[in-house]
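Two complexes come next, and they have one chain in common, chain A, joined by chain B in the first and chain C in the second.
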Partner chain A sequence: MSDAALVSLVTALADDELVLGHRHSEWTGFAPHLEEDVAFSSIAQDEIGHAAAYYSLVANLTDDDPDRLALGREPAEYRNAIFCERPNREWAFTLVRHWLYDTADALRLEALEQSAHPELAALATKIRREERYHLIHADSWIKRVARGPVEGRTRLADATASAFPETIGLFEPFEDEEAAVKHGWLPVPSDELRRRFYDKVNPMLDELGLPTETHPHAAARAEFVASSSGDLISEGSGETSDAEGADDALGGRRGRHTPDLDALWTEMTTQYRSHPGARW
Partner chain B sequence: MEVYEVFRRTGHKEPFEHCGAVIAPDPEMALLMAKECFLRRREGQHLWVARRSDIHSFSDESLLEIAADKSYRFAEGYRDVVAKRERARARVKELAES
Partner chain C sequence: MSTDLLGTEAAIWDALAGVPDPEIPAVSIVDMGMIRDVDLAGGRATVTVLPTFTGCPAIPIIKRDVATAVAAVSGIDDVVVETSFSPPWTSDRITEQGRARLEEFGLAPPTGTGPVLITEIGLPTVARCPFCGSTDTANENPFGPTPCRALYYCNACRNPFEQFKPV
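Right, the complex of A and B next:
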């Protein structure tokens, strides 16, 4: 009855939002200042709300329960990019990931507004309205930290050096992507979204003096050319340590995750697993 | 970082009302923070932020106190005018007759 390619596509979209939303929510009570604590918690709720909307769409297609889809699956059934499951580390990393993710998500939603699946297209339009604000929030932070005092700049540059190569995972093809593209459900294939993303993000990173280097293996596999910015690349931010990271960045769309997701999953699903069938 | 006072209004015909303050490095960030802190439950339709240091007030608030009787500035102060007028007419009449 259901179309596997559509289910796989929307599930991956939902999992990205849920997992990153959960990571964002871990800042509640710990963000750098009170106002940002409220703001970032609100953004986390928005992302989880988007996930809920995507899961409902999947649940309609497969006659399933959105809560079960969100919280009742095993880690290996999640299709989020590994980029989203990485721990928050510090504010600079969270911030740069928030910015990179929402920039990528904006391009993805722009494409999905043209989806041949009317419900998905309508949902993309609705979600995009809220994501517009998320992007303004992320942009505002990144610009200020990147142009601010040296400590913040250095931390942001280090965070970018480790986060940026892993963005590749966001553009790993969805399962059955060919079918989704053929039906027009995914109007722009992941390869093309990836190109658009790097075309957009590389000049912005260059302008802010943030590193745009990606691991050569990942780059080769993904067939894009990395550019380099200069100034603020921290020493040794790279070759050897990033090598594993970048290879690890792929696999999420096929359910091959890192132990980071296991830890997140254990916490995220505690309530669901300890009180099966509970309603509230 | 500076303190920004936040004002919001609930509808297009309503006045902006003070609803709190945020700490932010500049007006743009202040607006973003204010949106999440004071408008995320649809409490209003629009927001203003203003640097607290741009808001001016009297340093000595006792200047604002009204010390003497200013009842003549209120309509209520004229409530017994009719009665006073009646009394005055009566006196005039009295004087004229005497």
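Right, the complex of A and C next:
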């Protein structure tokens, strides 16, 4: 089918938003303070709403049902980046993932505004305006914690060391990407988006004293401690092994996921599976 | 266009002006700027709705209410309600009357009357307290109980209030 590349592109966008939206929703009732409970619930609702709009676009192309696409597929059929399916772990990890994801998503949406597919271009234009709120929320939190007391900074540095290398999964080419680029549906290839992303986040991470190591295990094994000047320095073994690499973070766009997605999927699809065809 | 068609189209807009935003019943969807256009072909009316926020859960209710209201217009046999994101709904689409009604409802209208630049979205704005009219207010949270609302606090009358977000 000639639209296969478009379906593949929009499905990846939808799955990223749905899966991360679901992770954000796990803070409802559990966030460290009330305003953030409200914020993450609202951000989750936005992301899942964006996913719904993307699934509707796919459903129109393939004569399918958006609910089935969102909740009626097997885990191996999802095309989200592994980065999005990781558990929330703790507040620092949630924040840094929120910031990295929304920074990457803003670049992706900016590119998609010029998509040769008019409906996708219009949707990206609308979503990008809404996502501005997410990005500003994430930016202000990252700066606040990175410039705050040492415990928060240390946790943020640790979280960044494990989250940042996995962002590579967001820029893994999706199936038939070459065709999508050729048709102008995706005006900027994933490789170029990745370069733009690093150009954007590296200076900010440097400025905030956060790790920019893109190799997953080098920084993750190090321990961040405060020096006498108050700057965080990484101590301990930074040794790496080539056997373990950013490969762990790749595969999502081809449907190779981690057990983290299985756990999320089981919960996310419970209602859909136990009451087929249910209507609100 | 014949006078009949013009009359029918005007009657459709009147009917739409009676359809409230389900989450803000004081304001009609016309005053919210959510109706992009009405198309008439014979007895068939096609109404295109622009969702305020992509994830707004009120959209199915709005579509149903639009279909019911327009079907009641004399001369209409068939109603098609479509949603579109082109152009994106922006908060400057809210009419003057819509802004006044939002304020009466207790919801501060979005700041600015022109289209909001993408680089301005999400920055703290000055919201006028819908209860006492003071602009000595503080943004407590860019998010709120629905995707379209932000939380503010009025330092003058000490009431919390909500603002319809500029977008």
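Rule of thumb we're sticking to: the second predicted complex is superposed on the first by the 249 of 280 C-alpha atoms of A that agree within 3 Å, B and C clash if a C-alpha of one lies under 4 Å from a C-alpha of the other, contacts with A are read in each partner's own complex, and residues count from 1 in each chain.
Note that a contact is a pair of C-beta atoms (placed from the backbone, for glycine too) under 8 Å apart; a residue touches a chain by one contact, two chains touch by 3 or more.
Remember, it's a predicted structure, so these values are computed and weren't measured experimentally.
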Chain A as common anchor, with chain B and chain C clashing or fitting: clash
Contacts of A:A39 with chain B and chain C, given as first, second, both or neither: both
Touching partner for A:E130 - first (chain B), second (chain C), both, neither: second
Contacts of A:R144 with chain B and chain C, given as first, second, both or neither: first
Which superposed partner A:R195 touches (first chain B, second chain C, both, neither): neither
Touching partner for A:P118 - first (chain B), second (chain C), both, neither: second
Chain B versus chain C as contact partner of A:G49, first or second or both or neither: second
Chain C region in steric overlap with chain B, selected from 6-14, 42-50 or 132-140: 132-140
Residues of chain A contacting chain B in one complex and chain C in the other: 35, 38-39, 42-43, 133, 136-137
List of chain B residues in touch with chain A within their complex: 22-26, 28-29, 32-33, 35-37, 40
Residue ranges of chain C touching chain A (in the complex, touch as defined): 53-57, 84-90, 116, 118, 121-123, 140-147, 151, 165, 167
In the complex, chain A residues that touch chain C: 35, 38-39, 41-43, 45-50, 52-53, 118-119, 122-123, 125-130, 132-133, 135-137
Interface residues, chain A side, partner chain B - complex: 33-36, 38-39, 42-43, 133, 136-137, 140, 144
